[in-house]
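Just so it is clear, A, B and C label the chains in written order, and each chain counts residues from 1 on its own.
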Amino acid sequence: MTGQHNAASLEIKNNKPNVPFLLFALIFFIFMGVAFTPWVNHGVAESMATLTGGNSAVSANTQTIFDILQYSRSIHVLAMLLLGFGFLMCFVRGHGFSSITATLIVVSVSIPLYMLLKSFMGESSVLSIETFLFAEFCAASLLITIGAPLGRLKMDQFLLLAILFVPVYLFNEWLVLESGNFAGFLDTGGSVVIHAFGAYFGLGVIAGTYKKFKDGSRCENDATSNQFCLLGSLILWVFWPSFTSAIVAPDRVVLTAINTVFALCGATVATYIFTKLIRGHINIEDIANAALAGGVAIGSTCAMGNPGLSLLIGIAAGILSTCGFSIIAPKVEKLIKGTDTCGVHNLHGMPGLLGGLSAIIITGNAGMQLLGIVTTVVVAFVGGKIAGIIISLFKQKTALYSDADEFGD
Amino acid sequence: MTGQHNAASLEIKNNKPNVPFLLFALIFFIFMGVAFTPWVNHGVAESMATLTGGNSAVSANTQTIFDILQYSRSIHVLAMLLLGFGFLMCFVRGHGFSSITATLIVVSVSIPLYMLLKSFMGESSVLSIETFLFAEFCAASLLITIGAPLGRLKMDQFLLLAILFVPVYLFNEWLVLESGNFAGFLDTGGSVVIHAFGAYFGLGVIAGTYKKFKDGSRCENDATSNQFCLLGSLILWVFWPSFTSAIVAPDRVVLTAINTVFALCGATVATYIFTKLIRGHINIEDIANAALAGGVAIGSTCAMGNPGLSLLIGIAAGILSTCGFSIIAPKVEKLIKGTDTCGVHNLHGMPGLLGGLSAIIITGNAGMQLLGIVTTVVVAFVGGKIAGIIISLFKQKTALYSDADEFGD
Amino acid sequence: MTGQHNAASLEIKNNKPNVPFLLFALIFFIFMGVAFTPWVNHGVAESMATLTGGNSAVSANTQTIFDILQYSRSIHVLAMLLLGFGFLMCFVRGHGFSSITATLIVVSVSIPLYMLLKSFMGESSVLSIETFLFAEFCAASLLITIGAPLGRLKMDQFLLLAILFVPVYLFNEWLVLESGNFAGFLDTGGSVVIHAFGAYFGLGVIAGTYKKFKDGSRCENDATSNQFCLLGSLILWVFWPSFTSAIVAPDRVVLTAINTVFALCGATVATYIFTKLIRGHINIEDIANAALAGGVAIGSTCAMGNPGLSLLIGIAAGILSTCGFSIIAPKVEKLIKGTDTCGVHNLHGMPGLLGGLSAIIITGNAGMQLLGIVTTVVVAFVGGKIAGIIISLFKQKTALYSDADEFGD
């Protein structure tokens, strides 16, 4: 591989694979496969029967059409997960292989695990495009989480983190959106339950690991790593309308998409203006990240707002996120005593809260909106902290912010 | 950032942000947001009412389906705008951050501005997917324009250029396609009103700025910057069928897509053959650009032609564009006394005219086709020249073809 | 261009373009254009008439909708062809321009040529989205083929290879899927007729060229070339569900997509586990390639299996492919006396056979499944060997695994 890895090359030799854990992972995945077959899983068997049974002609046709239309959006979301988040996390120089591999692994664990647990929870249509989209949302939230400790965890730890994350995410999703205890809480595109949840879970992981893990070397970037990061950022921008409109009613898709694009436009221009006003020049990491804050913040109101309001929410989110990266971040990192590598608190945390709060304009129910937000933040942070303590049982990665210790020539 | 920026690092310190302009941009965008809310904008209010009112069951369902199908294509076009044009313009070495940031800014300004002006013009369905697609076409044309002076304008100037471009584009679109004065003019996929318009507006900008702006240093590229450029080029290739079929009747989508792919195939092979015949070897910039000329030229006839004709138009466009890059470009640059950085005249200008002319085979109305072409070229060039003179009021960028003067470490 | 090309710069001057071949290619393509116009091609004329004739209202509407839904998937497949395969083949350092140009050329030759030959074979709906998708499958198989001799063929040879490949592919497709001789053979997503066919055709090309072509210098990669390769890999991963579901019945699209994602998830995790167990560290080429083996292997059963079975097939394919890259490949290369540059046998060959065999679980017809597999492998290898002997008539590329001899500054 490349010269930048030489410094840490000695350490590679001491890095034996953790065979028991790898075998556990293999058995876990084979078990998931078995647990998903209709022969042992009643929910899957029923869902398969519905799929292949066939309903009355006309309505079945229309339902099939809407399903395939949703399928298109699910592929756009998949592009956001692997290409978008994956390359966004490639801004760390000499850490691109780790960022992409971690992305692949946590997506590959969380999507089937989410759907399996859903089938255990009695979900009747577990093989539907809707359940698949919810599984993708879970993967998105998890990808936000791993951005926080990125560069300081081994691949085995990312795999374990994925297994620990999914049940906590499912619990919060059930509690806030399905249990009926938070009726009136609005969060269609997941500003709170996806973005803020992922960000505060990530901060929890940092808080749970800092006692055992030192953060010695620095996270660096260069022109090429930043260019790949911009690629990821633009992919997220482009497909974001399909993320927010994924599960809205069909006749709301176009309005949701336009609202989302307007929020992204507002955040992009606001980011440009405030990166220059605050720093005196353009910071490319502000551009790559804060421009997306409009998409995060519009999540709650995407299907109910209007384009004017969306543009204004986007502007506010872009300003907040740029201030986050340039001014607020150092204070937060002091508080949690660790580095938020990708700045997920600035991109997904605060703009997610802003999105959740902005929904009060639509619902008029400030109490319920606040309750949903606070509950999500608490569940996420506590869950993340416990997960952090558990993954600290592994030894620390030897070459921080580098592919050197895990990838061979 | 990188070593290649060091040479110009001293200049950075003299580069204070233009605070009054940035505040103007902020207020402009906040105003756009306010102007788009249904509370102050009658057109938006009416359009919102239509969207959420609900029509009679069956036809509403079918219309919703066709809208979502168009939405899918609008996302493909968005991928072309940000990822396609954005990375295509990254071929300039050490200028990738500027190319991507400029792309983000002009798209974020032009899409909402186009839709706002449309609502002022009395467009009844301003929040429709159709209007959104037309706004994307405007952004595409603008992205072509900024390819001409790329590397010689500051980010503030790109933002201002976007604000100046949209009304001129809208005027030409109205004049040629909607006013009724050019009945019989065929340009479904925008060979003339999108591609040629953008290219000649760009040449106008060069002609309007050359008196005040020196073009000292040279535009360079390397293997990595060209690789990112190829990425942009291939993204444009892949999603081009959704660009040409975006607004055709549903039962014409498949034929339009096949015609477009055939034109791209023809241009790709012709480009390969002629880059070797003319230069004696393969030039990667010819491949990255001229291969797309088939998509440009098929715009006018995409929905009415047949695959055989499309393949032949593609071959002709590939040959013309390759000759443009290798032989014609130096002469044009002498004429307009400036550098066409991305060669937009070779990729979008001449192939756009070829596309417009080829429509005579279908319509048989040479006079009207010529009139539409000449009108568009004149409006674009004059509009571009005036815009160029206005943006010359800013000071010149200090480090040409480089991120150095605008991006901090 | 870059420093890494200097070593071979002297050779460039001796590399005159093969003018007679280029003129042949031009005339061939112009002939294809003419042969495709409805004025000389009866099949195209009929297909155009059907397209523009219009049927009875309701059913035509629904058919149009399903056609446009398939069109969306055809664009996803196009993204796999150009962006996916194209960038996956960019892992060779200093060979990125050649990989992308070869990708563009073989796609641009094979899609129209496949459709033209189909129209000669009496296909009644040659301008349908279905025929276009089959043409894309042919291009995918051809892209697999060129991965085998990648870096050792000139661009002219890739162009000729494409012309030679298409008729053989069409013959095998007709024989195994349409002739009726293999009734009961299941291969919906093309594990056998697309993936294995392409791989064994590629091995045949190597076997057909090794006598005349020396394989001196080594194929190398670096961090940036591997990063572009990962980009291609992730694009293939993301859009794979649209590949397998491209031609299934509408009410099978969602199940097919979920099965495909599960197979990819299984292969990804299995690849991670086995690259570490076998090599002691993570090998990024295993990740970029073997993670996709699940998509290859699920092809045969994608529309009929269940997610549990798909996850297990994916795990098996990931293990097989990783063993292929690390253990089996050297033995195969000894056997065919040449280098399989991209390891297409490990990614598409063996997992394709695994996919074909796994269909026995569904069909219960081992004999027919085996017969279809063996036939395809024999037709592919023999066809590839003959094609290899023919393209050996050209002189060998002078700078192996390098852009140096074909691309100018």
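Everything below uses one rule, namely that a contact is a pair of C-beta atoms (placed from the backbone, for glycine too) under 8 Å apart; a residue touches a chain by one contact, two chains touch by 3 or more.
Values in this document were obtained by computation on a predicted structure and should not be read as measured data.
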Checklist entry - Are the chains other than subunit A still all joined, and if not, how do they split up? => result one piece
Checklist entry - Over half shared or under half: which fits the residue numbers at the contact of copies subunit B and subunit C, same or different? => result different
Item to check | Degree value of the rotation bringing subunit A onto subunit C, based on Cα positions, nearest 5 | outcome: 120
Checklist entry - Between subunit B and subunit C, what's the gap in Å when you average each chain's C-alpha atoms? => result 32
Checklist entry - For subunit A, what residues touch not just one other chain but two or more? => result 65, 69, 72, 224, 231
Checklist outcome for this item: Per the touch rule, the subunit A residues reaching subunit C in their complex are 1-2, 4, 12, 15-17, 19, 22-23, 25-26, 29-30, 32-38, 40-41, 44, 48, 51-52, 54, 60-61, 64-65, 67-69, 71-72, 74-75, 78-79, 82-83, 86-87, 90, 94, 96-97, 100-101, 104-105, 107-109, 111-112, 115, 127-129, 132, 155, 159, 224, 228, 231, 406-408
Next on the checklist: Considering only the defined contacts, which subunit B positions touch subunit C in the complex?
Outcome noted: 62, 65-66, 69, 72, 76, 222-224, 226-227, 230-231, 234-235, 237-239, 241-242, 245, 250-251, 253-255, 257-258, 261-262, 264-266, 268-270, 272-273, 276-277, 279-284, 287, 291, 306-309, 311-312, 315
